[in-house]
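Look for subunit A in each of the two complexes below; its partner is subunit B in the first and subunit C in the second.
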Partner chain A sequence: MPRRDRLRAGWRVKLRVLGALLLSLPLVTGCWDRLEIEMRATVLGLAIDLADSAAGGETNTSQGGSGPSRGASDPDTDDTRLDATASSGIQGPIRQHALRLTAQIAVPGRIPLGPGGGGGGSSGSSDPSQAVWVLHAEGLTLDEALQNLQQQVADRLFYGHLRIIVVSEALAREYGLQKTTDFLLRNPQVRRTVWLVVARANAAQLMETAPPLERVPALYLMATMDHAVQMGKFPNEFFGIFASKAVMKGREPVLPYVEVMQRDNVRISGLALFHGERMVATTARTFDITSYMQLQGVGPGGYSIMVPVPGQHGTVMWQAFRRKSKIQVRLQDGVPHFTVRIRLEGNIREKSQSGIQLNDPRVLAAIEQQVEREGREGLQEFIQRTQQLKIDPVGFGEYVRARQPRYWDAHVHTRDEWETLYQRATFDIQMQVKTDRIGMENV
Partner chain B sequence: MGNATSRPAVNATSRPVTISALQFYIVVIASTTAFGHFVFIHLALMKAGRDTWVALLVACALGGLNAWFALWQAGRAPGQSFAMFVQSALGPWLGSLVGALYIAYFLVVAALTMKVLTDFLSIMYPTTPPGIFVFSVLFVAGWGCYKGLEVITRTMQVILPVLIAMGVAASLLSLKDKDVSRLMPVLQNGWPSVWGAALVFLAMFAEMVVFLNVTNHVNQPAQLHRLSLAWIGVTALMFLGPATGPVMMFGEQVARTLAFPTYSEIQYLHIRNVVERLDLMGILLWGFGSFFLVAVYLFGASKWTAELVGVDENLFVLPLAVCAGAITLGLGQASREDAYAFLGGTYVYIAIAMGIVLPLLVSAVAWMRKTVSLSPVGGAAGNGGPGSAFGGSMNTTGGQGGSVGSAGGQTQGQRPTDQGTQDGGQGSGAHGPSMDASRDSAPDPHADATRPPGQGPTRASSHPSDTDAEQRLLHSGVKIRRRVRAKPSQ
Partner chain C sequence: MVARRFQTVTVMEASAVLISTLIGVGVLALPRFAAEAGNTGGPLVTLLGLVIALVGLALVTMVGMRFPRESIVQYGERVIGRWPARVGTALLILYFAALTSLTAREFGMVVVTSVLERTPVAITTIVMLVMAAVSSRSNMSTFAYAHLFYLPFILIPGFGIVLLAMKNATWLNVQPWLGNNPHPMSMATGALTIAALCQGSFVMTFVVPAMREPRRALRSSVWAMVVASALYLLTVLTTIAVFGAEATKLLLWPTLELAKTTMLPGQVLERLDALFLIVWVTAVFTSLYSTYALTARALQELSGLRDHKLLCVFLLPYVFVIAMLPRDILQMYRAIEWLGRIGLVLTVGYPLLLLIVAVCRKQRGELDAEA
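And then the complex of A and B:
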């Protein structure tokens, strides 16, 4: 090959290599939307109150303990809080419709990476108030409040790790959750599996708890709910499920109803019952949660019941560990009649008198009958109460819609019509109880 | 599976890329499934709600029938792509016009695919300019097209199992959140809404017209229509989960209103607190699915253009990719709602017209012309009429177009004659040599010009006893001759 051709061939190869390298440049530049973790304000929890009621009940508007870089830690001299109130506070008659938002924002470098001790700095801090920054803002809608909150925070608010949203009972009862849920459903960062709970009093109070078991308060709240689900003490009714049920004609959504018992002590008190997106009631007692879960067939079982042993003095503590339910519907005298079959399996955890012979099958059968009786009564009371309230949290209406579509089309067109009909529905509850274990003692 | 053989860039004696029937269906499934889950499920859910699965089954039956017929026809004309078939059936002018329509249609589908993908990705990556997504997809898809069918096929072969595994995992993991009773009652709103959704799915099946341009690369095209029944079954299974999942999970009302129902379904997935936030799975599924679809349509457009113009298809990859990108960026002004309104409305009819109605019309025209040419009173018998477009189904010989000729001189199951192949691309029967039964074995006067150097003239009169490999080699003669024509210096 002549020298000139060799040179040309060499240049051609070099040009090709150069072209390939240039074309590969866009592939090595990383993500256009990258946002370093220390450049984003990661919101872990949100609490939403009515602006008026929250301002009155407010005890501590800001943790402010975010470390020296975040300003003063003394609430009385917290400039950030004062500025926030000035910039986002809503005045005039419209204020009664405004929301007051409390956000718990993770402080980069102070979130503990493990169960170990703190010590501050990058390894985390044992003081919960230093792991998060609690801020407030107001707005007529959730988005407006968040925009106002953004005005106070240098970094972009990021909701990808939002784990819990607390709404005050006053807001849920007075305005419903429409103003809250729409933004959350539209925002792609917000998980639908986030917990949405109703606080008995001031929602912001839950954002300011500092439980010693967990250094990030929002994560403690989330863990409370998650562990309750795992232990069978609460249904997995997260935000997405609420949003789905809120638009069903034959079913009403429920949310966890929580309260702060003491400072830093959170209790799941029951279920907040909704009509659409507006809260109308709560369950009368904690045991209603298990009635709801039994009717739904939600496993595992977790609640205990103390039952007297028939024919003997004393009681036993019986705890369900497995639930199954089956609901059938037929029409009887022109109204839906539901047959509910529930099977419970459980263990005896404790007896109050040594004379109770748990190794006697007849005693166990008597205990099972007693559990069955009391369980059935509990279910009937729960259903009757929901009928009185004209709300159907279990979703019996969905069974009618699915299994009796002609009847549904003829008699039911709206949610309200179903709830009127629900009051006249009749129920046949059949319960089957089986005791599996009585523990390490055989007596 | 992997019997795809590569074709060197410029080698007159090389073989065309051939793929197996299974590989063909891998390309079809990979290109349609993920994107179908992404877009068409949403459109169908908006129309039929909880009855979407019924609409899917209806569309599968109709789409399967259409695919069976199209592939049966392709199997009868081995070595003939849909572009060749159209050209031969409709003649050079009308055929070119219809070809141009299809090229535009393929580009629009590729652009719409990228538009929907960029709208979706822009939610996750709000500050990234849409042009970056478009460039990335086009760059990779264009490179795949440039490298040829083998690269596209092998890429899909590698990635499809991963996509299927992810889809199956998503379905299984979401089972606990699903309530079957939400699918009931069936057909409560009657058939009209079901038909509306069925048309949407039918449009998706109609889009598969692009794959008819690949059938001539299948080494055993006669198997295609037989496997189409299995394919439609697999497709139905792969779409049943996404068609029912959002309804079972969110309820009918919410499922209808979700912008990306199957993606929202994936967002629900979590295993304890360990595996969460599987959004990435959705992005991967639809990113790859869109890439496959764009690559196949770009390949189809460039191949058809090459058939029309008569030069190497690689020449058109870059210009067509630029065209598709420009259309996509032009669509950037439209909102996602506009795009979905178009896709769920006008586009459905366009797709059905281009993917089902027009191919059937072309077949009907070809059949009529063949009938006339065979008729003793038609006066066209043995005249190299366009009926030869039916290839193996006819006993007339030769044919007018190159591809026509390749299949025209044979009965079903026979191999095309060298002469017939070499005669390809000659235009209408009026320009082609007159043909009669004896034309079958007559040497082609043009054959020498197209014959690769080193092969003697006897190569042109290849024998019916040629091996399959030889037959494929002969089929490559179409391209060889075109190369010669495009680059006379070579």
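And then the complex of A and C:
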């Protein structure tokens, strides 16, 4: 019966085709996590202040009643700050001191892709304040504030391009950064290389400034930090490093400390020194950044100092371009004794008096001696100050832990125990200075 | 005796199978296991674990070379008797089925946590399992070719990322090499956990009979172990050097964070985690491929079936159900650590037992002339 056979074969083919179609069905459904780029609200920068200390005048947008968890607070009151005891059942001290969040969200299509020119003829794209959208929200923790922010934004917030987070000094000093950093570490989108900086006074201000050099304000802030690192003027202390140091027992984290100058520009004015996650001090002078970097032995040297030329009137500007440091530790009378050796190589950039004979080896040697003396004094002052503050930002404790493990294991169990010891530690600082070039002039 | 059809696997292919099997899902959490066990002594703990794994692999290979044309299922019956060997094989099947499912689940968890946050974990898990099941239907030659093909895609970016990450390393973080407050018990436990990550290499028991020259099998085992160990050690060393021992303990997947912190120079890629995940999917797939094929083939030989292809499909629902058993990520990691260490008794102890008995009874397998 060939006819029936043929029929059966036809059925079989049809079944197979159907089966293949059914199997391919799951492939055409797309994916759960599909999210078009214009459907996400890309957060470029965040500023976190204490709610009470934020500059007045601006109305808070995360009012009572705007979200389901705020139902209990009275919508009629003028006070739009988080009600201290409202909703969510959280009571007591943690209910107070909300964070005030300012976010910079990229406006799709307004972000210039290349340097300059990209905007074409449209006049709008050259105005920095139009490339981003600045929003405010409040919350007890960073994530709660972000959720309140989400309530105001149609698109899903995306943190993959978050480049800079500014926290106010008041928040860092009074409450520490625990409420801030946990979310950042837990969220897979956030980069560990994001810059976390402490701003003197109001952090939100940095999100609202619109510097003319870069069309996206947050990217300008990021560039400020990145270029300072490249020029050797600042250590590469990004957020991931902060998080690592915050759990080390022999080393305290530091963060960049910035302040807003006239209106639009920022100044990197030093380092915020931490004890764990809480800020305790700032470096006293800009030169302390140099001292810190010299002790780390990191990167290209970039700082220049003005030194008086011994025996003559006038000064020269001396700039380091290479540095190397070596720290050794041994035990002396039951306390750690550190020998710090630093080698600097640099250039002379400028002299203030034509009488200074730079081609005279004796003058050069005298300048080098002066650089060495000032550098060493700077280091000593910096170390003494941290000893007084009872914090160890350089990480001398890590040298003890790594190189004298037996002593460390016997004497140190907590961060505080090390810092008590650190106050008694002694130092021997040696510095070698070599001038390599004097520029395009012969004398 | 089933084998004899495919005796084409070369020493290099065998090494490739082992290397790509050894480098698997465990690489992500590896530095955390090491740091938890020995803080700055993490690299040392890793080294100890790798030595244990090498011993285990050497035992499997040596007993396999003694019976060059049979797998552990077949010679087991001749060496210690039919029923004791069947119990041993059944335990191995159960164990590797569980290992396969936990590997797939761990993979699914990582993907869901780090990239596809809204995709159900069951989907990411089953996609991987289906791929492993379909691939496992192939014969041993294809199996070896596939591993050899994927190897460069695992090794080159793998070493590349670690070497690039070394730029951020602070070598003070891995001193003292013995660890602060060294604790022998916790270091031993950590070494066992790390040795357990290498258990996929048990697949060698099926690779040896498919080899062209089984007498050179030990060479491929040692080479594979050297290469995989280099990557393991460098990963642990660099991760702890970059983050410090204390912070490494706090990271769920330190290696992934390492890739996130690392940039490709010249502003080409600002974070390498995407690249890393691509590499890592390949690495997980090859490991799953090995353990799944191992389970299916052991089951086939135990049941006396002529073909393992259908078993690959029948195994899938069981493996998937086991994969879905752990309630959450914490329970999953407890299960992985615990089951892994228990499994060492089986994957190191059983070949050792067979080898001792076979030597005592002076038993040996035949290597047929035509090879």
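The working rule: the second predicted complex is superposed on the first by the 361 of 443 C-alpha atoms of A that agree within 3 Å, B and C clash if a C-alpha of one lies under 4 Å from a C-alpha of the other, contacts with A are read in each partner's own complex, and residues count from 1 in each chain.
In the analysis below, contacts are C-beta pairs under 8 Å (C-beta built on N, C-alpha and C of every residue); 3 or more make two chains touch, one makes a residue touch a chain.
Small disclaimer: the values here were computed from a predicted structure and weren't measured.
Engineer: Label the relationship between subunit B and subunit C on subunit A in the superposed model as either fit or clash.
Structural biologist: Subunit B/subunit C on subunit A - steric clash.
Engineer: Based on the superposed arrangement, let me know which partner A:243 touches: subunit B (first), subunit C (second), both, or neither?
Structural biologist: both
Engineer: Could you look at A:191 and tell me whether it touches subunit B, subunit C, both or neither (first, second, both, neither)?
Structural biologist: In the superposition, A:191 touches subunit B and subunit C alike.
Engineer: Where does A:297 make contact in the superposed view: on subunit B (first), on subunit C (second), on both, or on neither?
Structural biologist: After superposition on chain A, A:297 lies in contact with neither partner.
Engineer: Applying the document's definition of touch, where does A:23 land relative to subunit B and subunit C: first, second, both, or neither?
Structural biologist: Only subunit B is touched by A:23; subunit C is not.
Engineer: In the overlaid three-chain picture, which partner chain does A:226 touch, first (subunit B) or second (subunit C), both, or neither?
Structural biologist: It touches subunit B, and subunit C stays clear.
Engineer: After overlaying the two complexes on chain A, where does the subunit B footprint on subunit A coincide with the subunit C footprint?
Structural biologist: Residues 31-33, 188, 191-193, 240, 243-245, 247-248, 398-399, 401-403, 405, 409, which sit in both footprints.
Engineer: Any idea which subunit A residues touch subunit C in the complex?
Structural biologist: Answer in residue numbers: 31-33, 188, 191-193, 240, 243-245, 247-249, 395, 398-399, 401-403, 405, 408-409.
Engineer: Enumerate the contact residues on subunit A facing subunit B in the complex.
Structural biologist: 23, 26, 31-33, 160, 188, 191-193, 226, 240, 243-245, 247-248, 398-399, 401-403, 405, 409
Engineer: In the complex formed with subunit A, which residues of subunit C make contact?
Structural biologist: Per the touch definition, subunit C meets subunit A at residues 40, 113-120, 123, 172-173, 175-176, 178, 180-181, 242-244, 246-247, 250, 257, 260-261, 263, 270-271.
Engineer: What residues on subunit B touch subunit A, complex-wise?
Structural biologist: Counting only subunit B, the residues touching subunit A are 123-129, 132, 135-136, 139, 181-182, 184-185, 188, 249-251, 253-254, 264, 267-268, 270, 273, 276-277.
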